[in-house]
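When the chains are written out, they are named A, B, C and D in that same order, and each has its own residue count from 1.
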Amino acid sequence: MYWPIDLIVLTFVIFCAIAAITVKDLLATAILFGAYSFMMCLLWAVMGAVDVAFTEATVGAGVSTVFFVAAIFRTSRRTKD
Amino acid sequence: MDNYPVLIVVVPLIAALLAGLAVWVEKRLSYPIALTGLALSTFCAVKVLMQVIATGPIQYKIAGWAPPMGIEYRIDLLNAMVLVIVSGIACLNLVASFESVSQETHDRTGAFYSIYCLFVTGLLGVTATGDLFNLYVLIEITSLSSYAMVALGDKDRGPLASLNYVFIGVIGASFYLLGVGYLYMQTGSLNMADVSLILAGHQGSSTVLTGFILCMVGLWIKMALFPLHVWLPNAYSYSPVAFSRAVAPLMTKVMIYVMIRLMITVFGYDYIFKTLHFSDAVVVLASIAILFGGVMALAQKNLKKMLAYIIVCEIGYMVGGAWMGNQLGMTGAILHILNDALMTFAVFLAVGNMVYKLKNVDLSNLTGIFGKMPWTMAGFVIAAFSIIGVPPTCGFFSKWYLIMAAFEKGAYHFAAALIISSLICAVLFFRVFEICFFPAVSPDHGELGHGESGHGELGHGKSDAHSPIQMEEAPVSMLIVSGLVSLSLIVVGLFSGTIVNTIILPFLK
Amino acid sequence: MLLYGTGEFPDWGDPYSPASVHLSNDYLEKAFDQTQVPNIVTAVLADYRGFDTMFETAVIFTAGLACFLLLRDFREKEERFYRHTATGVILHVKDSQKVLLVEREFEHMDKDWVPSDLIIRTVCRIIIPFIQIYGLYVIAHGDFSPGGGFQGGVILGSSLILLAISYNLKTLMRRVKEKILGIYAAVGVLIYVGIAVICMPMGGNFLDYSKLAPLLPSDPHHVRALGMLGVEIGVGIAVTAVMVIIYVNIVSAGRHDEGL
Amino acid sequence: MTDLLALIAAKYNYWLYVILMMIGLYAMIAKNNLIKKLVGMNIFQTAIILFYVSIGYKRDATLPIIENVHGGHGSVIHAINYINPLPHVLMLTAIVVSVATFGVAMALAVRIYQRYQTLEEDELRMRLSEK
């Protein structure tokens, strides 16, 4: 494992997590959450859990985000926090 | 046939799937399929219980792999008893709920039966399994199906109560999963028996301690022990009756079973009561839970909510008994699993009958119901006596064991809490009886006004229509089940000595 | 408290930590000989711990059923829907015309509707079959490479969702009827449970694939791998159907008529 | 001090998981919007998955897929060369469970919005007490 890449991915994971829960637009939350899942998936692929990474890529970054956007489409984008 | 242990769990699953298919093919088939599935499962459970009593624990290797590698079912006396309780109550409840389900869920009855079977599958699987991770998956099946069913209840508040339940349920399950992860890290195994063998060599490890605490906290959230109980009253009282009748007696009791299973089989007495030193604190917590549940129950205006708080109180009994650290306490707790499941079921059956007729069970709406529904109320009275702990009914005996255990341990606060809560229950139920016994004072129904305004109006119109006293009983199937269960309360009470001697004491040895 | 527990953890990546020594070595060393499946994760998932996976599929089924139960709203079935099915008789020949018809009716139904881009539409139409083939590959090839029934099912499901996004929900619902989805979801799990149950009259325990040998026309050595393949196909079908059910119910709030 | 640094360096994955879990828990408790809470819930679950995957990792080991399937039939498989597969299996199941929960929770959120036209918790509470 090449440590600078690792460090960058780790930073991104935490950054995306914090950003996803702080932005005030739910659509942005959805996209940041997708990015978070994808970073997580990279992290797992680096750790050798390819099956888990594959699942996370399809589920976390793919289908969850779509469900998310669908739910926002049916509710509202606005949020107070 | 030696496949009974797995059939107990798989038959309801198949029934759920077929019922799910029937939704699209022929809607009327769902109910008979579900009923057959649960009845078969009960049959298997009884078979297994008899076999276990005769020959000792059964081990079933799923997929034929030896335990630490594959998943195994290990059925001993405690398991077998809880399996019979769960499948029996689930089956009886289904018999009783045909009418109320079609009343409450309209065009979706088929899907409801399917998801109900999945719920029961989850509970049975949790009880039967001997694998820590399999337990987690099954807990999730149970919770997912209960989220869905809670949301189906009250149109206004059901979904919100359910979403809060989702958040708390997920936290609970995740804590449990995390605890299992810590244990796995220390032992490298997930099989309960195997883990406990390896753990014997790691008594002082902080990882094991953290894992233990995480598992326990997760389970406490799931069973709604006092400071973590907030989700329970709303979730139970806003759900459809057919479901609250099943979830109230079963869900928390199965979680308590899991706690006892982890305490005895995985960690062992020695670890919990000799190495760790917080069992007293848990007993204190349980006492507070008992008192709090009782007091909150007194403050409720709605019968269903009141009963939900009584469940919080009963959970305190069982947790306290299990953590007392002596044999009497454990006996009391296990016996109380059986008794409490039965009496909660009985009391919720009666409430279900009332809801079927009245729609709304605010206390102010129950006036004069004795005259209208005498059989229902007879069942209610027996169940209430059992919850209070009047001698011939079964509730008395488990409380007796618990109080004896408290005196043996010197935990007088727990004994005091038990007695006080019994008194509170007595006050509570006699208040209900009083309201139910006397018919509404006069035609003007002035006393109805102080109910919650929206509901009060609705109840007002309803009771107006029925103001001349006449028999307004619930359907026969509901009554028969109600009567049967109330009878069983007394029978179990009379035979509790036998139950303790054949099932619980041999298990604890 | 969590950090307190961390203090005694074995170092990260330590090959001799208890977790990687006790059981995993057994799996690693024996799995291939016993099952003939080189991807050990799949072997453990579908065979040693196949019971977990069965309930995992049941969880998915529960989720689909729950979404249906919570959101599905039968009340407002519009007659418009029938008109669409009437236009959709001819397939592929007059595709552009058919789409135009749908568009015209859609404009007054859905006020948020934006005309979708021709490029997006064409590209999606071209790539959807490839996505589906990839999904099938992932399901079938789960024994040898990462992937399996669940991932493949999700990919297949998302290809259908892509169809709904790039065209509109009606296009999807016209091709895949709700009834079909519901039946597939249940049948997928039933395939899994069925394979597991068949093992019992064949003399084995529940899920014991090795007892299926007399039923399958192949080398008994590979029978476990074949059993896993069957199971994965079941999982794939169920997951595909459930993903579409959840998406459709959420996006149209249970009406199944309009949506993203 | 160097001890502490060494401790952090050796176990930084575990630290990361604790941090993520706290972020998730914070979002679930402190946020007002129900969808934000759901995001928190998902982060919480992924943190646990990260924890499990970290348990399974072995230094200098390769993926748990046996090489040379067809050629080297007699060759012995050395467990030390492969990453522990069991946590991966468990986590596949956990991911599936978490997406199922997520879907159901989203459905609930849509139901709530249909009924109350809001997803903010304080507004919901206000609507409820109005009645």
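Some notes on this structure:
Rule of thumb we're sticking to: contacts are C-beta pairs under 8 Å (C-beta built on N, C-alpha and C of every residue); 3 or more make two chains touch, one makes a residue touch a chain.
The model shown is predicted, which means the values in this text are computed figures rather than measured ones.
By count of C-beta pairs in contact, B-C exceeds the other of the chain pairs B-D and B-C.
Among the remaining chains, B is positioned farthest from chain C, on the basis of C-alpha centroids. Centroid to centroid, with C-alpha atoms defining each point, chain B and chain D lie 30 Å apart. Work out the mean CA point of chain B and of chain C, and you get 34 Å between them.
Rounded to whole angstrom units, the spacing between the C-alpha centres of chain A and chain B is 38. Annotation: 21 Å between the Cα-based centres of chain A and chain C. Residues of chain D found to touch two or more other chains are 12, 54-58, 61, 64-65, 86-88, 90, 92-93, 96-97, 99-101, 103-104, 106, 108-111.
Touching two or more other chains at once are residues 2, 9, 17, 19-20, 23-24, 27, 39, 41, 49, 52, 56, 59, 62-63, 66, 70, 146, 150, 246, 250, 253 of chain C. Touching of two or more other chains is recorded for residues 133, 137, 140, 144, 147-148, 151, 159, 184-185, 190 of chain B. With chains as nodes and touching pairs as edges, the resulting graph is of another kind, matching none of line, ring, star or complete. For chain D in complex with chain B, the residues that touch the partner chain are 25, 28, 34, 37, 41, 44-45, 48, 51-52, 55, 86-87, 90, 93-94, 97, 100-101, 104-105, 108-109, 111-112, 115, 124, 128, 131.
Listing the residues of chain A that touch chain D in their complex gives 10, 13-14, 17-18, 20-21, 26, 29, 33, 36-37, 40, 43-44, 47-52, 55-56, 59-60, 63-64, 67-68, 70-72, 74-76, 79-81. On the side of chain D, the complex with chain A involves touching residues 12, 16, 19-20, 23-24, 26-27, 31-33, 35-36, 39-40, 42-43, 46, 49-50, 53-54, 56-58, 61-65, 83, 87-88, 91-92, 95-96, 99, 102-103, 106, 109-110, 113, 118-120. Of all the residues in chain B, the ones that touch chain C in their complex are 3, 6, 10, 13-14, 16-18, 20-21, 23-25, 60-65, 68-71, 107-108, 111-112, 114-115, 118, 121, 125, 133-134, 137-138, 140-141, 144-145, 147-148, 151-152, 159, 182, 184-190, 198, 205-207, 209-211, 213. Taken in their complex, chain B has these residues touching chain D: 133, 136-137, 140, 144, 147-148, 151, 155-157, 159-160, 162-163, 166-167, 170-171, 174, 177-178, 181, 184-185, 190, 454.
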